[in-house]
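Pasting the structures here.
In the two complexes that follow, subunit A is the common piece, with subunit B as its partner first and subunit C second.
Coming up: the complex of A and B.
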């Protein structure tokens, strides 16, 4: 029973990782940029979600509005931070991205204060007994939302014109452009979707801890990087599997080896172990 | 951008320097102060700074120190040891403060303590808990409990006052959590406590799903969990949400209204060992709690009270020494016997404080008195 409960907790945590890491791997697949500022957008999503929920009392409205605004924010980061330096070596946009991330953390602190914000009336806190487990509404909500959104994304990629255009651009940008695909449009869409997903993840996390703080992007900032490496850089399916796998490994690891390794160390030990066996990641790139 | 920022910093610095110079001419006494104003610990730093500023305002309103006004010289150490050393040098060399207070965490305070000791400038740690801080030498004092002492008080609270024996420990993986755990474990035999299991978590964790599941399976009689309000708030609410109903015992890291805000109803009944008694009849404590809320716009916490106490102790020593020279000031500090917001402060030979532990419980969304542990044998700090 405990094993099952830990496994489920791992999947719940993993679905949160998935919502963050997919956006990151999408950006890597398309532009070969390690988009650290993504974690800043995740925190922005948490802030907007909380502020809108507290102002209107509607969590659904907060999710949609926050995902849209953060999606646009992601496009803005691309336009202002990455597009002007795309022809530089990869570490240049990486450094720019880290800079944007740190700046965002400090702006959150200056604008919203260092203490963190809490929900006036946290939603989805009711208890649900499912398969003999006590789960909170927010935990179930996060898993279902992740499944729906990521499923929708995969449908979009497989069955729509823009999805096909997007996959073609990831495969070979030059040939795709010669077929009349607007690569810039694809990039904007990419940032919009990835950032919107991260925003939703940020809101669910803030519901689970009832806390939105300036540094809430700190852990996802580097852990999502580990996940996308694990999943095979740029590989969306691999990223999903890696997210869930890492969630489960951490759930067991924090209990059984937590006194020797903390959660982050477990994540990176897992990463190293996998890379020793499969240097290309769990799944090969793209 | 960076260059512009640099220019602004320089300008502000120059301005501050001229202002400080002007003030010095008018006959003020400076107290050096460093606390995290940015970075991960900025919230504690802000509370501490407001607490320290309040102390200075109160002393100046009451006529200052032997006719001279106090001035707080504040620096941001980002809770980083690497920042604390240059700040200590600046306070000593540039600002020429006769005495300084740390409103920061253990790591930066430990680094700065050595610098102050070497320059023979008295230095008071307001709430940093590492044992090595006062071991830097005879110029370094501490107005808060050591982590170990508070851990021992926690063991007494659980084993004797609450009568719970089967305990799960949830320990924060840093010097604060480790020191508390060490102190707690050292007294388990005395209070008949059996540790069912001990888990550790990182200061960055906010999601405790797997840990909560395991604690539930352990089925203890009480939980001793170390942490700060931003880790303890989510931890306590997740424990309660999973149906864990046994008493949860925390420490001064929980001591903030923010903890109650985050954990909500789950905070009710949580007991902590700390140094600020909200239901105190002592005028120093009562006045502080009222004045702080008025100045800050939010409720007082342990960090604020500790910084307030430390500055009050510094001011008291300046007054009694009647001088800003290092040796008389150190001597005056060592002879401190002062009623302050966190209790009656006096120091032992090592510069460690001797005072009672205040146990506070959350009732109806506020901290209230649960009990007091005033057991000199149990709470005696090391003297070397």
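Coming up: the complex of A and C.
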């Protein structure tokens, strides 16, 4: 039973990581930029989700509104932060991205204060019993939402003309443009979808911890960076597998080796171990 | 149909083509010949909108498209089969064709896939296979098919025979000849002079980015010394 419980906990955390890391890997696949500011958008999603939920009592409304606003925020970050410097060496947009992330953290601190905010609807923290396990509604909601959103994204990418155009642009933007695909629109779409997913991830993480604070993007961001390396940079399928694998390894690790390493250290020990065996990550190509 | 007026183009400050004048007649096939680095591919890619034009004009059906985006050019009817195929290797054959017809409404794009299958029946059984896993010849067929998906009026083909087995070269040139018979205007860039002269009506020879000879393919075929002298290649029955 413990094994099953740990496995389920791993999947819950894995789906949370996937929501953050997919946006990051989409940006890397298309632009070859490590989009650190993604963590700031994730935190923005957490704040908006909490504010809207506390004001209206509707988590669904909060999720949809936050995803749309943060999606537009992601497009704005691309337009203002990356588009003017796309022809520069990769470290230039990376530094700009880190700058945007720090600036966003400071704006959150100035606007919402240095201390955390909490949800004022206790029913959001309610527990249910499922398959003999005591789970929080937010945990089940996170797994279901991740499956629906990531499944929808997969369907979009594989079965629609716009999804195929998107993948073609990731493969070869210059030639994709030769066939009438607007690479700029594809980039905006990329940032919109990736940032919207991060916003939903931010809401669920803040629900699980019942806390939204300015620095909440930090830890998930560096774990997401580790995940996209682990999954093979720019590879969406690899990112999903790496997210779930990391979640499961962390869940088991905290029980069996938790007295030697904390949760975050286990994640990075796993990353180092995998990269020693497969330096290219679990999957290659895009 | 297409007129290049004193076209100079290149990459950054480097000029690959200097003051090229060239006119393509509607329905005709023009071969752009020259050794490696002569500026052939740069010329094609500047017409497609991917290489910066420093001076001169690109006129298409009387309209100045020198500053038009690659997207606008494909919508006007210009398609390119780039050097090295440059297929979307992680996409399937069908998906590559869908991308080729992206500028058209879906029903037209679907009809285009059927037309490409008629031209290259070999691709039919590979529709759901990844483009990167095809043989070189099949990839070239797919690259031509992808370009045809946008229903172009002008097809530019860069190095059709490069790296292909003779049998595959024959198949690709047969397809080009069929397209020519169908009235498509073709600009063919080739290092394999002999093969290009088989299908071309007009010839332009480039050397170090400059046009050094222009004339009919008939003249070039009958006076192979021209080719020898200008390209340093041996004209003969071999490709």
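Heads up, the rule we're going with is that the second predicted complex is superposed on the first by the 283 of 286 C-alpha atoms of A that agree within 3 Å, B and C clash if a C-alpha of one lies under 4 Å from a C-alpha of the other, contacts with A are read in each partner's own complex, and residues count from 1 in each chain.
Simple rule for what comes next: contacts are C-beta pairs under 8 Å (C-beta built on N, C-alpha and C of every residue); 3 or more make two chains touch, one makes a residue touch a chain.
Bear in mind the structure is a predicted one, so any value in this text is a computation, not a measurement.
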Partners on subunit A (subunit B, subunit C) - clash or fit: fit
Which of subunit B and subunit C A:164 touches, first, second, both or neither: second
Which superposed partner A:115 touches (first subunit B, second subunit C, both, neither): first
More subunit A residues in contact - subunit B or subunit C: B
Which of subunit B and subunit C A:259 touches, first, second, both or neither: first
First, second, both or neither for A:251, with subunit B first and subunit C second: first
Which of subunit B and subunit C A:218 touches, first, second, both or neither: first
Partner chain(s) touched by A:127 [first = subunit B, second = subunit C, both, neither]: first
Superposition-derived angle with apex at the Cα centre of subunit A and sides reaching subunit B and subunit C, degrees in steps of 10: 150
Partner chain(s) touched by A:175 [first = subunit B, second = subunit C, both, neither]: second
CA minimum distance (subunit B, subunit C), superposed complexes, angstrom: 31
Subunit A positions touched by subunit B in one structure and by subunit C in the second: none
For the subunit A and subunit B complex, residues of the former touching the latter: 1-2, 5-6, 9-10, 12-13, 16, 106, 109, 113-116, 118, 122, 125, 127, 134, 136, 139, 205, 208-211, 213-216, 218-219, 250-252, 254-255, 258-259, 262-264
Residue numbers on subunit C that touch subunit A, as the complex places them: 48-50, 69-71, 74-75, 79-80, 82, 86, 88-91, 95-96, 98-103, 106, 109, 146, 149-150
Residue ranges of subunit B touching subunit A (in the complex, touch as defined): 38, 40, 42-43, 45-46, 173, 198-202, 204-207, 209-211, 213-214, 217, 230, 233-234, 237-238, 241-243, 258, 261-264, 298
Complex contacts: residues of subunit A adjacent to subunit C: 161, 164-165, 167-168, 171-172, 174-182, 285-286
